[in-house]
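What follows is a set of structures to go through.
Okay, so subunit A shows up in both of these, paired with subunit B first and subunit C after.
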Partner chain A sequence: MKSFLGKRAIASAISLVGLVILVFFLSRLTGDPTDLYLPVDASQEARDNFRRIHGLDQPLMVQFFQYVGDLLRFDFGESIRRSEPAIDAVLRGFTWTLQLAAITMALVTAMAILIGSLAAFHVGGFFDRLATFFSLVGASAPDFWIAIVAIVIFSVNLGWVPTSGTGGWEFWILPVAVLFIRPFGLILQVVRGSMISTLSSAYVKTARAKGLRNRPIIFVHALRNAMLPVITVIGDQAAALLNGAVVVESIFGFPGVGKLMIDSILQRDFSVILAAIMVTAFAIFLMNLLIDILYAVLDPRIRY
Partner chain B sequence: MAVSETPPASEAQSIPKPPPAWLSILRMLYRDKFALCAAIFLIVVVFCAVFGPMLLGEAATDQNLRGRNTPPFDFSQHWTMWLGGDALGRPLLARIIVAAQNTMMIAAGAVLASLIIGTTLGLVAGYTGKAASQVIMRLADVIMSFPSLLLAVIVLYMLEPAVGNLIIVLAITRIPIYLRTSRAEVLEVRERMFVQAAQVMGASTFRIVFRHILPVVAPTLITIATLDFAFVMLAESSLSFLGIGIQPPEITWGLMVSQGRSYLTSAWWLSFWPGLAIILTTLSLNLLSNWMRTALDPVQRWRLEISRKKK
Partner chain C sequence: MSHLLEVRNLTVDFHTAQGTVHAVRDVSWHLDRGECLAILGESGSGKSVSASAVMNLIDCPPGEIVSGEILFEGEDLLKMPSERRRDLNGRRVAMIFQDPLSHLNPVYTVGFQISEMMTTHGEPKDKARARTLELMKRVGIPDHENKFDQYPHQFSGGQRQRLMIAMALAMKPDILVADEPTTALDVTVQAQILRLLEELQAEYGMGLLLITHDLGVVAEVADRVVVMNAGEIVESGTAQQVYKAPVHPYTKKLIAAVPGEGEMAEPVGQDEPVLKIDNLRKVYGGFTALDDATLTVLPCETVAIVGESGSGKSTLAKTVLRLEDATSGAAYYDGRDLVSLPAKELFELRRHIQMVFQDPTQSLNPRMSVYDIVSEAFAIHPDILPKAKWKARVQELLEQVGLEAAHMSRYPHQFSGGQRQRIAIARALALEPQLIICDEAVSALDVSIQAQVIQLLKRLQKELGLSYLFIAHDLPLVRDFAHRVVVMQGGKIVEQGPVREIFESPREKYTKDLLTASPHPDPEVQAERRKARMELEKTA
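Then we have the complex of A and B:
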């Protein structure tokens, strides 16, 4: 287990370094932020001053090594736009995204497992067909379109929930509902498929022959074994949500890390982009680790 | 058809007079009504994509300021206006048909490019030595750990957001999917008897990989590609929706949804119809890919063939 953890950490560290190098140079290729932040008629002196303050007057390689040096002291640089440490802005946004992702994934997992298992138990039945069709529709729907249609219906016409912003619990309903749809569709299909093959295995037949009732067979015997492939997909989907549900966050004016990243790219706020990417990459690394550990818990045959 | 070269098919040939592969596939398709509808819808979309701009290119850009935001379902008007008019009085239906070309072209280009590059790299990584495989897999890890939408945003912000660049960006973000799948499959297939037989007979590595292993791996990859086509379409729509994809006057469905967003409360149809076009297309692709997963898999195909005998 320990050597496995070490290997995983090294592999992730290598990809993180690659990522940082890539993003550092790519983002700086998008142009000089000076023109964005200073008025058009700013004097040459003011421009030079701005560049010097933010370290943009140095050659690119010098900037890079300076950044890496700061990074080793856990200094992620200053945000140009907000004049605060980049990591503060990112952690604030990430907290929002984490809550959003956690609520959504908890709902998705519970619903998908419940409905998927029931659908698998009556393969080809009416409930199964209905669930399959709706999961397909859900997996095919563009989230931005669902989001704006939902706003028109539930906020503008019916006035049930606020259109955008943050505040009480009612502000969470639409973003969670929109984010729910696609992962739900995908995970439901995997649960169903995996459940179907598990339910046809010999030990389920044994349980049935013993005269057990259906519910304990599905949810106690079969579910645990059917969960392995499901967990992989749950991990992928959760990673996608952690990466920032960019579109949904920007439609609902949700101050998460995805919106922060997009804004920072458009505003050329380089240190925020990099900090955001490192924080989410680290979170995803932790989550993948958790999933690997879950594998071993669910299936004692798996040893690392 | 690549399928006919797989080993299980050779057993089937001992059965007297098997029908041609394409005919039995068509028959299977006809039996699954969902998949049939999906296939027909996709053919219509492809037809629109190929001929739409030629036939309706004029009508789609024809402004009529008196007909701004014309509501849909007014059947007294010309048929291109049946779904309503947009903010400049241009007929929505015609615009959706014309926009199919860019939407399809970007998705198809990205899927083809990532399929070819990803599969080739995956075959190499799976069949050849460790060093090359390690480098390729680490590269894939870097791409996988990166939020693909953001990579696209950065690159598109740097380059011109033209059709070609959009294809390149989307292709890069999808390569790891094919790479990992084909590598995983090759690792399993290369241990099989027929590969060893080919090696013993002195076939070159190139021949073994492309003539013996690829046909076995192909059905899985094609199924994934169908599914991925839907994903790429959604990704392109999201990019265009965020304003960093295709730029006007070029149009795609995603861009149309975003253009209609400012009229959301007064003219819902501007965003609704193009969004519906996206949903129907991706839904069809998903249905078709579901069907293909069974139809192209020699182990599972009986499920589709059995049901014919029941009826």
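Then we have the complex of A and C:
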């Protein structure tokens, strides 16, 4: 287990280094922040001054090694836009995103497993058809469209929930609901498929021959075996949410890391882009690790 | 007086996309306390269907119980409310299955799975635990207290079946249904499990319903036997009656097909060997799978390699064919060492040595037609035959193995198991090899089909002068087919010699163990063997 964790950490560190190099130079391709932050008629002197303050006057390679040197001291640089450490802005946004992702995924997982399992138990029945229909619709509907329609119906017309922003629990309803739909549809399908095959397995036959009731057959004997492919997809979907649900966060004015990232790209706020990418990449690394550990917890045959 | 369990005029259909299949038609049998009834049949005979109906394990749809009654202590199970019926399962009627690895849940401990049988039927947890440990000890799990929290994959095949038996007996059922309980096990383990079942049956006074394809198993344990063919009962009686005086032609055919009764072959004359294996050794990590094997195969000779699982017999085949690299040693074909031959020369040599695998369903590509499968050999070795002649040659090969030219355009799934193995043999013959390695080539087939394939292999040997390295675990089959026998155990060759010598005067204890453990279809002979086995155990 220890050597497995070590190997994983090293592999992830290598990817992270590659990511930093790629994003550092790619973001520089978007242009010079000076053009954005100073008025069009700013003097050359003011421009040089701005560049000097933000270290943009140095050759690109020098800037890069300077940045890497700072990183090694856990200094992620200053945000140009916000005049605060980039990492502060990112962690603030990430906390919001993390909460949103956690609430959404908890609901998605619980609902998809329950409904998917029951649908698999009654394959071809009315409940199964209904669940399959809605999950397919959910998995294929574009979330930006659902978000906007939901705002029109529930916020504008019915006035039940706020259109955007943050505050009490009512502000969470629409973003969570909109983010819920796609992963729910997808995971429900995977649960259903996986459960259909485990429910026809030999050990389920044994369980029936033992005289077990349906509930323990489904939720004790079949489900745990069916979970392996399911948690792979759950991890995948959770990773997408951790990256920041860019579109949904933007539509609902939700101050998450996705919105922060988009804003920073538009604002050429390089240190924030890099910090955001590193934080989310690290979070995804941790989550993949968690999933690998879950595999071993669920299936005693898997040992690292 | 009503029977403990009685099936009356049961008819079960399965509605599939290809139409309705009558799985069993008008089947009746009964089982009493303390007796063992065997349902004997080949694959597709419907032998498991009535037992599945008893256990309520038939999925409806696609299954449909069209008519009949299943009386348990005089009460019809088919009319019973489902909750009461569920409660009978495990408590009054328990079942064990063919493949204990897949029938035990891989993600729960065996202790949990055995005690679950009791907690489901209302026993308190601590009592269930104590009884589980008691049962594990009774069925012969060594160090049972520490094995409670282990998982099925941590046990051997025989131990897994013991655990299944412990689970089935937890509630002291009145009836135990055993569906091919020893088919996946080695012969020596099979003998142990059958004995355990008999002991426990006597101890608990249960009725034992044994479903099997193996006349030897019937001879060993059954009091009465019901023979099924194509969904119908063709014959029934005591095991002795059915074996000694079969009435129905199907039963006669089945008994005639049982191997181990024919003439044993005389050794072939001395000649330069086709294959000479010299101290071949294969080590995986720290595990020696094959330990200095030395043997020869002469022209037109069949050398059988027998042994139980883990004996190294398949490793031997794989290293000779260079599907795996040997750790040390040599295997000379035509004076050239296959183990160290450079890739290019090996490629040319390979056409002279072909292989037929155990399971033709897996060894034939389901998306290739028979023509593609057989002619692929010519595509790989392009200088053998011009493309224009492929079709004629494939036709010739198919006819040689008893198939028709019209079969060329069909796909593997359109054939029966025996026909598929014929296709695999045609593929192996395509390159006109001198040596064919058959790795359990007939083990997956029914007895009557087995006999046909063996006949085919014998005929081809005579016609084409082939040599066979025939890997098998089934001793009676080997007795009828091989010229020479090599017995392997734990990676080592323990004994080798002409077939008569091995079967009539074996020297090594392991060979004797194997021979006495191998069940004979005649209940009388089987009783003798059992006596011999007991004595062998006493002396050990």
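Please note the rule applied: the second predicted complex is superposed on the first by the 304 of 304 C-alpha atoms of A that agree within 3 Å, B and C clash if a C-alpha of one lies under 4 Å from a C-alpha of the other, contacts with A are read in each partner's own complex, and residues count from 1 in each chain.
Methods note: a contact is a pair of C-beta atoms (placed from the backbone, for glycine too) under 8 Å apart; a residue touches a chain by one contact, two chains touch by 3 or more.
The structure presented is a predicted model; accordingly, all values stated were derived computationally and were not measured.
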item: First (subunit B), second (subunit C), both or neither touched by A:L72; value: neither
item: Which superposed partner A:L29 touches (first subunit B, second subunit C, both, neither); value: first
item: Which superposed partner A:L158 touches (first subunit B, second subunit C, both, neither); value: neither
item: Contacts of A:A281 with subunit B and subunit C, given as first, second, both or neither; value: first
item: Touched subunit A residues, subunit B compared with subunit C; value: B
item: Which superposed partner A:W145 touches (first subunit B, second subunit C, both, neither); value: first
item: Interface residues, subunit A side, partner subunit B - complex; value: 11-12, 14-16, 18-19, 22-23, 26-27, 29-30, 136-137, 139-145, 148-149, 151-152, 156, 243-244, 246-247, 250, 258, 261-262, 265-266, 273, 277, 280-281, 284
item: Parts of subunit C lying in touch with subunit A, wherever the complex brings them together; value: 55-57, 86-91, 94-95, 97, 99, 102-108, 116-117, 120-121, 151, 153, 164, 167
item: Subunit A residues touching subunit C - in the complex, by the definition given at the top; value: 201-203, 205-213, 216, 220-221, 224-225, 298-301
item: Of all residues in subunit B, those that touch subunit A in their complex; value: 138, 141-142, 145-147, 149-150, 153-155, 157-158, 230, 234, 237-238, 241-242, 254, 257-258, 261, 264-265, 268, 271-272, 275, 278-279, 282-283, 285-287, 290
